[in-house]
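Heads up: the structure comes next, in structure tokens.
Just so it is clear, A, B, C and D label the chains in written order, and each chain counts residues from 1 on its own.
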Amino acid sequence: MNNGVKKIALLTGGGDCPGLNAVIRAVTRSAILNHGLEVIGYKFGYRGLYNNDFVNLNLENVSGILHRGGTILYSSNKDNLFDYQVEENGVKVKKDVSDVAVENLKKEGVDVLVVIGGDGTLTSARDFSRKGIKVIGVPKTIDNDLASTDVTFGFNTAIDVATEALDRLHTTAESHHRIMICEVMGRGAGWIALESGIAGSSDVILLPEIPYDINKIVDKINERKEEGKPFTIITVAEGAKPKDGEVVVSKIVEDSPDPIRLGGIGNKLAEDLEKIIKENEVRCTVLGHVQRGGNTSTYDRILSTRYGVGAVELIEKGLFGNMVCLKGDKLSYDSLENVIGQKTKNVEKDCELVKTAKAIGISFGD
Amino acid sequence: MNNGVKKIALLTGGGDCPGLNAVIRAVTRSAILNHGLEVIGYKFGYRGLYNNDFVNLNLENVSGILHRGGTILYSSNKDNLFDYQVEENGVKVKKDVSDVAVENLKKEGVDVLVVIGGDGTLTSARDFSRKGIKVIGVPKTIDNDLASTDVTFGFNTAIDVATEALDRLHTTAESHHRIMICEVMGRGAGWIALESGIAGSSDVILLPEIPYDINKIVDKINERKEEGKPFTIITVAEGAKPKDGEVVVSKIVEDSPDPIRLGGIGNKLAEDLEKIIKENEVRCTVLGHVQRGGNTSTYDRILSTRYGVGAVELIEKGLFGNMVCLKGDKLSYDSLENVIGQKTKNVEKDCELVKTAKAIGISFGD
Amino acid sequence: MNNGVKKIALLTGGGDCPGLNAVIRAVTRSAILNHGLEVIGYKFGYRGLYNNDFVNLNLENVSGILHRGGTILYSSNKDNLFDYQVEENGVKVKKDVSDVAVENLKKEGVDVLVVIGGDGTLTSARDFSRKGIKVIGVPKTIDNDLASTDVTFGFNTAIDVATEALDRLHTTAESHHRIMICEVMGRGAGWIALESGIAGSSDVILLPEIPYDINKIVDKINERKEEGKPFTIITVAEGAKPKDGEVVVSKIVEDSPDPIRLGGIGNKLAEDLEKIIKENEVRCTVLGHVQRGGNTSTYDRILSTRYGVGAVELIEKGLFGNMVCLKGDKLSYDSLENVIGQKTKNVEKDCELVKTAKAIGISFGD
Amino acid sequence: MNNGVKKIALLTGGGDCPGLNAVIRAVTRSAILNHGLEVIGYKFGYRGLYNNDFVNLNLENVSGILHRGGTILYSSNKDNLFDYQVEENGVKVKKDVSDVAVENLKKEGVDVLVVIGGDGTLTSARDFSRKGIKVIGVPKTIDNDLASTDVTFGFNTAIDVATEALDRLHTTAESHHRIMICEVMGRGAGWIALESGIAGSSDVILLPEIPYDINKIVDKINERKEEGKPFTIITVAEGAKPKDGEVVVSKIVEDSPDPIRLGGIGNKLAEDLEKIIKENEVRCTVLGHVQRGGNTSTYDRILSTRYGVGAVELIEKGLFGNMVCLKGDKLSYDSLENVIGQKTKNVEKDCELVKTAKAIGISFGD
């Protein structure tokens, strides 16, 4: 490249997310085919950077991976080299080992580090940028809660999986007159629950951003019965929570020391509702890790490819310290300082999508 | 019909199962188109028979339902009219109300009752047959554990759903070096776990019929590491259990009064393994009700249609008191007395499928 | 409503498109639940408006249709009431019967007409607006070629279907060393081919907007062979065409009077390539109508729901003569005059998505 | 092995078929894990055997392929070493080169050759068996038309794909009142059309084994209209044909020298019907190669695994010259002499499945 970049390195960090391989493929192909760059990939995220454990990436070994979930570079959770657990004199201590990483990059002649990850992984990316490393970020999370970008890759696949599950639960709810609860992922954000809830024809959607009143849910269930629909589908985000001071809830908490840890909010809600609703069986399904793996959706394959090619373009333009992002339908970028400096992106109570859901009669329990 | 049958009734009982609607459609179409019969469907299984709550079935209202999960006749669990809960003088008592059902059938002029259900529902069908009602049974259960038939409808759809989930978990296991546990349904039988486990490329399959030794599972995990595969997929039937006297297990039982009720065997196994395996994260997904609903698989649509047409043929031939069944690839029938008299069909430890699984290296923890 | 609107009518026109039912459901639910409006649906598009053939729409009959392809209101192609074929004195003549439609709307007390369709259907909508009818448009087409909106509903489902087909063709291409051609829909626009081509890992994408040189395709095939990949996937839009004066093409035209009519561009390309490439078999699959029907994708269910609710909001605000649209990720609107006055939206040769595709090595045959 | 077998070779021949990789994996794993055999795989079927072009197969390179369509050993069509095209003195001639193959097997020390293929490939397998080579056959074809086995692998995946396509066409047929024709594969046998036709809710199924009368199809279309269903789904096998002497058909043949080659029977039928049915549009979709590739179905993964393990068992028992097969739900075997000596397995006009289809009102045009 004109700006002297000859070799770049990739790493993938954090939880699994469909589209990681598509980004790796797009970065590698674009870097090699258009710019003749050398490309390596550190294995297991930052841990590989610390251990200088990497593979060469080429047209051959990024072939056939566009649609595949997971990451051919492997990943690890919570490996923060600025606060890394090492053993010294037989004792485990935490220390800043980021200089080792910088040294490794220098040793291998890596000019730019492309970091594919969510907020934890990108926080370290910003910190390496502050240390003078040329870094480009790519926004990854099924939760879609990263600031500065309208959409992260992996999100569309996650809501596809959740929606298909809701479709399946629907027929049973209808024919067996059940209250079916489906707990979906999303950590502290309600995006997966909101979008899959709408697409999966839910009657109630519970989000972390809108604490629920169980009585409002019961009202909805009863309202449906009066309309001749003695069944209800509830999509609940794993981070959803009841409003404070709710009697039914605190009673549950008395019975059992830590019901949420054992069962999650979906199971807790099922138990709560079973105490109130006598005529219907209540069942909860916790979707879990099927939302994170498997074949990548059409939408995410395209978005990931755009992000990968966009990352190489940022390198070409010398726009280091930035993350590629999507604004509307346009590819754009924002500084890692800005991305990490903000709070995570949450569902706003009166955003268009929540209002749309309410307009068609979906209750948020508020 | 030559044998005087003019009107038949259908009912669906027990848990949800893909293919119920396909059977309803096939019975109705075949009865009307070929024999000019009148067809009614009792709603909510035996409860509808008791309450004389039914709908007329015709070409119109069985249209468009071949592929749909659930049942347009609704279903209920555990409504046994021979031991039915009624209220007498304000007190709930259990009594035999089967005569009410017999009366209702007479009143509506129903000549034959077609009962679509699993062992509970078919036990009542046998009992009605003993009371002189002309009954035909159709074998329904996703668990495939019904005696006298090689395959029940619903089973193929269930293993399709479970296999797709395993495919999704696979990519995450591989890229994050995890032990992924997937708990599938099946009650006391291991069929779903066995077949989806093989199809989903599992390394370990745990069945109710083969109690497991956790140390054997750990051996398998370690053996895989030595082969360069530091991840393992475990498919566990909900009815699987450890061998008696295992230390690790009883310790868990000490810690918590009823861990199995709260989390199921999958979560218990995850906790047990996390105490032994330190280098890998262990994650459990409990698939739950997505295995019971949603679109019916190609195989089950065909099998259900064959069963439905076969049921009408049994009526035409006057072969009452029988259940349609599949023997090899041939449609056949067996008496309800015989079906119910036998134990449920379980996986045998040395059957061809278990031996096949072992031959390709799958561990059963034994 | 404050603005006096009490009753609205819907109609769906043009070819089939996943999401039609989702829009019908969202308009109906939102209109009834939030504004107490009366809602009717004309059957078979404008033909129903002409014949005053309609159904009342209510919460009951729009239930259970969110995910289903097709339209419960039926549709017809090419029924333009401003140039409508009628029989007069036994002779078929074309005439403007739009006044009959206006009369029917008046007779039924319809205040606003919501028209869901592509450019043909919306052109009539604009013409009714010019006649003083209060009209709201909703942009429908799998081709995504409608001006004024970034995305039409139905498009995402179409590319999902095409991508899945490409995934299937991929394994055969690879193991049998074939040139596999997949012809997708899109009329005069290349959007479906472009996006499914990228997502389906195509090596060559041929668009109506970028006439192709068959020699460039042959170059790509040979280039891949040299890289050790003796197979090639080609996604071709039904509207794609070779550059003028290409020898190979005119030769084909000599052989057969109208090969394109008989086989389409995909088959023509297959024949052309088979004359040049001797070592590989060439196979063409024309996807056809599977791209237009069946279950609606997650993305399209959400977009259609937003459009439906957005249409009712335009009514509430009195913004008649407009079409709802998507700008970036924001719901917006534009006047039907403006939408119809523009040319259809085509792929630009140097847009970001084409450049992205080229960056990862995809050839457009130019 | 006790019988002296130390090394085996695999090859895959003929058209693509989901499950090939699953068989390769099962044979390899079972041979290595249980018997310590050496395993090699010839590339491109018999061509690789002739050219001594092979790879070693081990636990590593058969990993991750269970679900994938295609074959890691590649395949070729129509490479018959007993009548093989070679160049001699610059002239292409056909000759028997099977001795070269036998020599190659000897040279590599291959004790047993496992041949995975359909009737063409297995005919050569029989011929090698006659020459004294120890051969085991595995029955592969999506067409399910191989004698001696109830089911071939690949068939279930093919009907899954066809059924999903029919589901998609259904919604469009219904909402646009169309006659939708779907042409599926199957060569001279009607199995794919019959089973996917039933599962895909077709109204008419046309098979090679039951020549059709177009007037009977028109009758069915009209009968449906009278029942209030002005649309019809027709599944037609690629080998289906009209009865002799039909006027409409011969007229078409006059118009165009070879319409069937250009368009296939589905398109021909569409043209024929359009001349008779004026009120409905007729559309034909030719599914093509999507039926042959892509992810293998759950059923086929299990069946292929059983076949692979079964093949190794036949080797262990010294049962050479046989093909593994499925009889009912039992794994069995039959001699290649017997398999090849019979005609292909066709649908019988009065078999249970055809009668089942007719019982629910499906027309076969006869």
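Structure notes:
Definition applied: contacts are C-beta pairs under 8 Å (C-beta built on N, C-alpha and C of every residue); 3 or more make two chains touch, one makes a residue touch a chain.
Which protein is which chain? UniProt says A, B, C, D = ATP-dependent 6-phosphofructokinase.
Everything numeric in this text was worked out from a predicted model, so none of it was measured.
Number of steps on the shortest path from chain B to chain D, with steps defined by chain touch: 1. Centre-to-centre separation between chain A and chain D, using Cα means, comes to 42 Å.
Between the Cα centres of chain A and chain C there is a gap of 31 Å. Inter-chain centre distance (chain C to chain D, centres taken as mean C-alpha positions): 35 Å. Multi-chain contact residues, meaning those touching two or more other chains, occur in chain A at positions 167. The chain pairs satisfying the stated touch condition come to A-B, A-C, B-D, C-D.
Within the complex, the chain A residues that touch chain C are 25-26, 29-30, 33-34, 59-60, 63-64, 66-67, 150-151, 156, 159-160, 163, 167, 195-196, 198-199, 201, 227-229, 297-299, 301-302, 305-306, 308-310, 312, 327-331, 352-353, 355-356, 359-361.
The part of chain A that touches chain B in the complex is made up of residues 15-16, 20, 68-72, 74-77, 161, 164-165, 167-177, 180, 262-263, 281, 283-290, 292-295.
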